[in-house]
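The following pair of complexes shares a single chain, chain A, combined with chain B in the former and chain C in the latter.
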Partner chain A sequence: MSDKQPKSGKQKYAEVAYYPGCALEGTGHAYNRSTKALGKALGLKLKEVENWNCCGAMEVKNIDPKLQTYLSSRVMSIAANKMKMDTVMAPCNGCYHNLKKAEYELSSDEKSREVVERLSQKAGHATYQVGQVETIHALDWIKEAIGEDGLRERVKNSLQGIRIANYYGCMYTRPRHIFPEKDQGPGSESTSKPHFMDDLLEAAGAENVDFPLKTACCGGAHTLSDSDTSTRLVANILQAAEAAGAEVIATECPTCHSGLEMHQIRAESTLGLKTHVKIIYFTQLLGLALGLKPKAVGLHENVSDSFAFVKEKGLA
Partner chain B sequence: MTAAALRPLGEIGQRLQVLVAAPATPADAPELLALGEDVLRHWVLAKGLEPTHGEREGFRLLALHRQGADGDPSFNACRETCRELAWHYNLLTLQPASEGEQDGRSKQARMMALVANHLFLFISGKLETEALGEFCCSSRPLRTGVDAGGAAGSE
Partner chain C sequence: MPIHEKSLIRPENLAVHEHLEIEGIDVSGHWSTFIGSRVVTDYNEALEEEIAALPGGEFIHRCWQCGSCTNSCTVNALNPDFNPRYWIYLIRTGMEAELLRDKDIIWQCVSCHKCTHVCPRDVVPEGVMKATAHWLELKGHTPKSRSMIFDEVFSEQVFQTGKIEDGRVIMRFFKRSGQALLQPWLVEMARRMLRNLPLGLMTRMGLASLIKPRTSGWGDARAAIREYVDERQAHHRKALGLDASPGLDASPRLDDLVQAAKEI
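For the complex of A and B:
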C-alpha cells in the first residue's frame, strides 16, 4: 500500500480482499451471499481475490503440507502484489486456518520458504513474503470495522428474544500458535472461549446461551468416510444447544454449517432423534437485524428451513 | 479418582447413552467424570503408553488429555471439551445445593452428560479411524515423511 500511515481497525478493514474459497461457491453459498449483503449494508467494501485457487484444504494438506502452504501463499500473493491489498478476509474456517498456517510456516520454516519460492517462480507470479497481508476472519472484519456500537446504531430489527448458541467449530482457534493476535487480553479473541460472534449477535439484540460445545468437533472431516460418527457428533451438539435453551445455532463456517444441517436430518432418519434448533449463519442473522430481506441473506439456500421462524420473530 | 478397572469402550458409550437419556442428575457427576477419564485412558493405551495417575489443576482427566495430546496436536480438538467436563464437575460438586436452584443444577448435570458424551464420540471416532490417518482437519499429514519426496518436494 502506498499509504504508510498506520490505520485504525475501522479504516484498515473498510476495504479488504475477499477470499470466499471453494465451499462458498457450493454448499456454503448462503454464507457467500449473506457476507456480501452484510458488507454492502454496512458500507464495507469487498474486492474478491482475482483468479483465486483452493487453499489446499484438507485434501492437499494431507498429502503434501508444503503444497498447501504454497497454494495458500498464492492467494495472499495475488492480494498483496497484484491487488495491492493489505488484508485478506476469509469467512471459511478452513481457508482462514490454512492462510494463517501458511503465514506461520513461511515465518518459521526455511524449507517451506524454499518450496513456495520455487513453485511461485514456476507458476510465474511474485513470491509471497511474510507479513505482506494480514488474514482475518469474517468475525474479525465486522468486529473491527463496525464493532458492537456500530452495529447497535444500525439495527432495525432487533434479535431480541432469540436465544442463540454460538458455534465456532474446531478450526477457528486451533492450533493456537498460528493465531498470534488471539489471547492478547481485552478486546482480542480467545482461543479457549471465543466470543466475537457472541459479542456481535448480542449487540444486535440476541440472547446468547451458555454453550459448552462451542469449539467442539462436528465431525466435518468424517462426513464422507464415516457418516455415522459425524451424525452422532452433530446430534450431540444439537441436543446440547437445545438443552442450553437455544432456538438457533449461529455458525461462521460453511463446513460446520452444512454438517449441522445435513446431520440434523440424518440424525432423525438414522437415530430417530428429532431436534428443532435452527442453523443460521451469523452473517444471515446480522443481515436480518439490519433489515435485509431473508432472500437477500440467502435464507432460501439453507437446508434447514428457518423462514417460519424468522417470520415469527419479526425478522421478515 | 481411584484407578478403577477400565471399562470397555462400548460399555462406556452405552452407559453414557443411558445417562444422556435419563437424564443425568447432579449425583451422576463423579461417574461422568470417571467415564471421561476412562475414554482418555483408552486413547493413551492405544498410543502404547501407560495412562498417567497424575493430575493437572486437580484433575486426572486434564492430565490424561495432556498426555494424549503429546505429539498429536489434533487431539487438542477435545481440550476444551475436557475442560468443560471438569468445570461442570466443579459446578455440581463444589457448590452447595440450595432450594430453588434444583432446575439449574439439573440442567448442568444434563449438560455434563452431553459434554462427556461428546468426548466419547470424538475419541472413539478418532480411535476407529486411527489406522486410516488423523481425524481432525487441523491434523498432521496422513503420510508423515512425505515432505522430502512429495509433489512439492519433487522437481
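For the complex of A and C:
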C-alpha cells in the first residue's frame, strides 16, 4: 500500500534520524510502534540514532540544565557526525523540547558551549556544533513529508464521524524562544493555538472539536511525586474535552498520554469523576485511517481501552 | 492592597478592641481594628545572590514585577498561595522570613513553562522556582521533596547507564520516598494495561526490566558527568555557605522517610 512516493515534492523529511527516547521504549511503546508503522505505511524512512542516550528529560535539567544540554547534544552529534544525517525526528515532546532547547542554549550561551565541549571531549565523541541538525517533531515530519493532501489520497478508513480534542501539552510550544520556526505566519505552527495535529487528523476525516485546553498542563512532571495536583489538572482536561463533545483525546507525547491514562483512572477513585473519553496517539489514529490493524499501531498497549470504540467506528 | 503588604493584615498583626472609647467617643465595631505598625529589620541581604547561584535562578535580577508569571501559572490556578511573582519579590528584597511561610509548596511547580513563555524580561521564573525549592532543601528549611527525590533517582540512572527504564525509576522512587508501591490506582492501571497485552509482549517487557537498557561505551561520559556534577555541587554549597557536598547519591535522611511514611 505504500509504494507510492510522497507527491508533495517535500523530500526533505523522506529519510530522517529517529530518536525514540526512553519513554518510547517503556510506557510509551504504543507511540513507538505506531510511529514506525505509520512511517512504513507512508514510505518514509526512519534511521534510529545509533547508541542514543537519554535527552536529560525534566529531571536532569532540574539537577543541572547544562548537563541536560550536553546529553541532548550528544544525540544530535551522533546523528550529524556518525550518521551524516541533517534531521532528527523525536516523537516525544520531552525529547523534542530538550533537543530544541540544547540548540537554543548552544547558540546563545557561551557557558553552555564550554560545558558541552568539555564533556564531549572527555566522553570521546565529536562536539555538536550549532546548526548541524534540525530537530523536528513527529507532527512536523508527517505534515511536511506527506502533508494534508498526501494523507487524504492515502486514507482507506476515514475517521469521519469521530470527534477529537487535540491535546498538545506544554513542551511542544513553550517557551516560544526555543522554537524560532513557530509563529512565523501562514503555514507555520502556532505556539498559542497549535494546529498541526488538527490539520492532519482533519485530513484523515476526523471532526476536531473546539478544545480550549490544547496547551494546558497535565502535571506530567509530578505525575508520581504530587499525584493529587496531576489528577486535578488531568481532570480539567478530560472534562473540558468531554464538554467540547470529544470522544477521543488525540495525544502526541508519551508523558501526557500516560499521564492522562493514569489520572483518568485515579480521578475515578480520588475525585469520584468517571470520564469516558478515549486517549489515543495521533499516530495510532492516522495509522488506523491508512488501513493498519489496531495491533499494528499498538492499540493493545494503551491503558485506555479503545478496541470496542474503533470497531464501532469501522476502523478495525 | 499590594500583596507584599498583605502580611500587615494577618491576624497576629491586628489589634481588635471589643469596647473602645477614644476621647469620650465609643468607636467599637469597625473602627476598633488597628494594624500594628511593623518595621522590617530581619532582611537576608544575601538571599537573591544565593538563589541566583543555583541552577535556574541566574536571571532573577531581571524581574520588574509585572506579574505575568503568576497570571499564567498552572499551579496558581489551583492554589492562589502559589505565587511566583511574590516569591521573586521577597527574594529580591531579602525577606526570607516571609518566603519561608510558603516553603512547603514552592516545590510544586509543574514546569509547564507558561511563565517562561510569557515573561517579558526572560527571568525564566520556572528556573527560579526550581532554584528556590533547591535552596530551601540545601538550607535545611524543608526535607527533600518527592519531586527532588524523583529527579535524583531518575538522574542517577541516566548518569549510570545513559538511559532510563521507567519501571525501575518508578520502583526506586517509591522505595526511596518511603511509599508503598502497590497504590490501589497503580494496581488498577497495571491491571488495565495487561488486559490486552499478548504474552509475547509481556515477556519482552519483563525482560526489559531485568536487562537494563544502557548506552554502550558510556563509561567515559559517566566519569565526565560525575566529575562535573561533583564540581557544581561543591560550588553551589560554597555559594550558600554550606559544608562540602554530600553528593547526589546520599540516601534520604531518616526524618524524610518518617515524614513520607506519615503522609501515607
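The rule is short, and it goes like this: the second predicted complex is superposed on the first by the 307 of 316 C-alpha atoms of A that agree within 3 Å, B and C clash if a C-alpha of one lies under 4 Å from a C-alpha of the other, contacts with A are read in each partner's own complex, and residues count from 1 in each chain.
Quick note on the criterion: a contact is a pair of C-beta atoms (placed from the backbone, for glycine too) under 8 Å apart; a residue touches a chain by one contact, two chains touch by 3 or more.
Keep in mind it's a predicted model, so treat the numbers as computed, not measured.
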| item | value |
| --- | --- |
| Clash or fit, chain B versus chain C on superposed chain A | clash |
| Which superposed partner A:Ala244 touches (first chain B, second chain C, both, neither) | first |
| Contacts of A:Phe307 with chain B and chain C, given as first, second, both or neither | second |
| Partner chain(s) touched by A:Gly26 [first = chain B, second = chain C, both, neither] | second |
| Chain B versus chain C as contact partner of A:Leu67, first or second or both or neither | both |
| Touched partner set for A:Ile265, first chain B, second chain C, both or neither | second |
| Of chain C and chain B, partner touching more chain A residues | C |
| A:Ser158 touches, of chain B and chain C: first, second, both or neither? | neither |
| Which superposed partner A:Gly124 touches (first chain B, second chain C, both, neither) | second |
| Touching partner for A:Val115 - first (chain B), second (chain C), both, neither | both |
| Which superposed partner A:Met171 touches (first chain B, second chain C, both, neither) | both |
| Region of chain C that runs into chain B when the structures are aligned on their shared chain, from 27-35, 63-71, 189-197 or 207-215 | 63-71 |
| Overlap of chain C and chain B interfaces on chain A (superposed complexes) | 58, 62-67, 70, 115, 119, 170-171, 174-175, 216-217, 219-222, 225-226, 229, 232-233 |
| Partner chain C, residues of chain A touching it in the complex | 22-23, 25-27, 51-54, 56-60, 62-67, 70-71, 74, 115, 118-119, 122-124, 170-171, 173-177, 191, 216-217, 219-222, 224-226, 229-230, 232-233, 261-262, 265-266, 269-270, 299-303, 305, 307 |
| Residue numbers on chain B that touch chain A, as the complex places them | 20, 73, 76-81, 83-84, 87-88, 107, 110-111, 114-115, 117-118, 121-122, 124-125, 128-129, 132-143, 146-147, 150-153 |
| Residues of chain A touching chain B in the complex | 58, 61-67, 69-70, 94, 97, 111, 115, 119, 170-171, 174-175, 192-193, 212-213, 215-217, 219-222, 225-226, 229, 232-233, 236-237, 239-240, 243-244, 255 |
| In the complex, chain C residues that touch chain A | 55-56, 74-75, 78, 108, 110-114, 116-117, 122, 127, 130, 145-152, 154-155, 158, 162-167, 170, 173-174, 177, 184-186, 188-189, 192-193, 195-198, 201, 208, 213, 215-218, 220-221, 223-225, 227-229, 232, 248 |
